[in-house]
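Listed after this line are the structures, all set down as structure tokens.
In the two complexes that follow, chain A is the common piece, with chain B as its partner first and chain C second.
So, the complex of A and B:
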């Protein structure tokens, strides 16, 4: 058998109705439309670019990825703590280490997040059709505060009990106690290890995809031209 | 030794600072000032880069 006989099946007749109909049917499939939509919006070179614009060479642009690094450390150390449990992380030296890594990762995460927020606020990072990038970042920030708060509530030590019974009066005073009972350790534990990390993770993925789609926001120019703020290929709406 | 002093101080009740109606724990104040300092440094400090990037 020659290579040609394997690689070159008989071509369909020109204008074959069967082939055209099959192609048209494939084009209508939701898998086809979803794939074309995703890879049209996020071609591989946009998802993982080799280079960034010159203005990104500034320390203030580092804190977004610093948040991601701290978040990865939080997830990994959190998974380890989840697998081993409080009787391990309160009593063994390795448990103390992993517990501390989780604690200091959240300190770094929140500091990097606040510096990232300030940097983006003062450069008006919602310019150039980046409003949803700003909104998803803001929601990720608020959800992170809730995740950190529930984390301090589930340390399973005297400090977590103290925080719960100080916090419950404040939450009851604003009417949130019926849905968010900080004295309910089971509810706080599930919120911290399940629901809130999932929401933060989805918001962060959405946020990063939007950054990749629209590009990193440029500094505010001395002379304003809306076209300068758009990602390459986007058009200014008149 | 200094590490043990710092680690030991974390096991004690927090130190609180008060000015009239305003009260804040020393650790919270340190974190806030540290965050502001990092922001100012991030804006002002030059970012290291290769000279060929300027061309």
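So, the complex of A and C:
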């Protein structure tokens, strides 16, 4: 098939009726419906906005993007470790350094995540139909804890031995240990480098898209508006 | 009130109609990435990371041979923790909270036969002296009742040698009819001390070995070697060990809300306690259910009346949005 034959649609044989029918058929195409739905919900100015409401002006907002930045560092250092294999970091100084970067990245990631979570809690950030944003964030938090836990289990050192020995009891007590065996280093390694990061990544993308869709939650209205206490003609703004 | 009408009165759900400011989201992300890169690399260079070598059966067999020997006897007698653990390793009831017994319900998915998996199979994986070969044959030729009688009698005799500090002295065990058990335990201790047991436990008769370390972990945890090392590193669960790493590195401090429950006497009996409560006996199950409930509360927080209003009652938001409130009050918020 030539490029011309694709670019030049057959002319309508019987006026505008067929044109409308073709347009309707186009509209029913899954591809078009998905594209219209996505770009209708997320036009470029929503995906990458250059303006934010005036209230988005606090250090607490930094911790959301700090989570993403730390996650990037985790993924990059994790990919490097994955390329070299699970024994590499024990035997080479470069491997140990990359493992150290991975280790501190997860500490930074979890610090940022916890502060971000508390910040959103005190903002009651689920207001205004943002419950799913909160829920995806909470799931991302717990999945991150699981991912970090499996990371500690695949260190193949004394710490991973002890965590496997101690961690099995609680998981066994609720039946989870029969399927999620912390003493099975192979299972934990695959979960840590494949399945769990994928789940975290998808949850984070979903979470960020919801933030972009609904916008940053506005401030909680004050019980006593300072404007109520002003003299006539006086402005709130200092 | 209909959902549509409620939404129309919820200012937080409406597109923002108030003042805006320039916000370079890409620049913010790039700066955050650079800061995180500098921090993580800087911390890695300055503080490195924990990598305390894994314990080995060789280390256990050479530094604590009496404890290893007694543990091997216990595995044959079925008196160690992992020999009589219950699901998912053997049949049993497992822990329970009321009628909830998921540990039992999940069944034996990871079968572990301590006597065979930890003692007999490793011994048979190597060429052994005639005395040991005969002992293995005697063990395998005996009835289950006979094996139990030999091993439990010797286990009792070994445990009776404990001194004031709890250390065992198997060489001082009283004489008796213990069948092949002393020979088997001695041979396994020798195998451990030589390093051969480490290879045998990993290989399990296969070229590639196994990536499932369940048996090694369970066996090593049955003695005091692993436990003592964890205590020395302050990693025990009742001392917030979940949050600690080896050699004073941070561990998983974000698990404090899970570790907390292991610190309280309701679930964690005193070391000198002579009796325990049902809560303490089933502490792992109780605590994991509590952890699960806390998780669900966090996830579904927006839908829990009362709790979801806490941020309105405790006005931390006045600090977060102080600039907006100062300049605009409640403008565009109600």
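The rule is short, and it goes like this: the second predicted complex is superposed on the first by the 207 of 238 C-alpha atoms of A that agree within 3 Å, B and C clash if a C-alpha of one lies under 4 Å from a C-alpha of the other, contacts with A are read in each partner's own complex, and residues count from 1 in each chain.
Basically, a residue touches a chain if its C-beta (ideal position, glycine included) is under 8 Å from a C-beta of that chain, and two chains touch if they have at least 3 such contacts.
It should be emphasised that the depicted structure is a prediction, and the values quoted were computed from it without experimental measurement.
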Quick one: name whichever of chain B and chain C touches more residues of chain A.
C
Looking at the overlay, does A:34 come into contact with chain B only (first), chain C only (second), both, or neither?
neither
Of the two partner chains, chain B (first) and chain C (second), which one does A:164 touch, if any: first, second, both, or neither?
second
Would you check which partner chain A:181 touches, where first means chain B only, second means chain C only, and both and neither mean what they say?
second
For A:60, using the defined touch cut-off, is the partner it touches chain B, chain C, both, or neither? Pick first, second, both or neither.
both
Between chain B (first) and chain C (second), which, if any, makes contact with A:114: first, second, both or neither?
both
Which of chain B and chain C A:49 touches, first, second, both or neither:
second
Using the superposition on A, tell me which residues of chain A are in contact with chain B and, in the other complex, with chain C.
54, 57-58, 60, 62, 107, 114, 119
Using the touch definition from the top, list the residues of chain B that touch chain A in their complex.
31, 34-35, 38-39, 41-43, 45, 47, 49, 53
Which residues of chain C touch chain A in the complex?
7, 10-16, 18-26, 28-29, 32-33, 35-37, 39-41, 43-45, 47-55, 85, 87-88, 94-95, 102-103, 105-107, 109-110, 210-214, 216-218, 220-221, 226, 229-230, 233, 235, 237, 241-242, 245-246, 249-255, 282, 284-285, 287-289, 292, 295, 298-303, 308, 311-312, 314, 316-318, 320-321, 323-334
Residues of chain A that touch chain B when the two form their complex
54, 57-60, 62-63, 107, 111, 114-115, 118-119
What part of chain A is in contact with chain C in the complex they form?
48-58, 60, 62, 65-66, 68-70, 72-73, 77, 89-90, 96-97, 99-105, 107-108, 110, 113-114, 119, 121-124, 126-131, 134-135, 138-139, 141-142, 145, 148-149, 152, 155-162, 164-166, 168-175, 177-179, 181, 183-187, 189, 215, 217-222, 225-227, 236-238
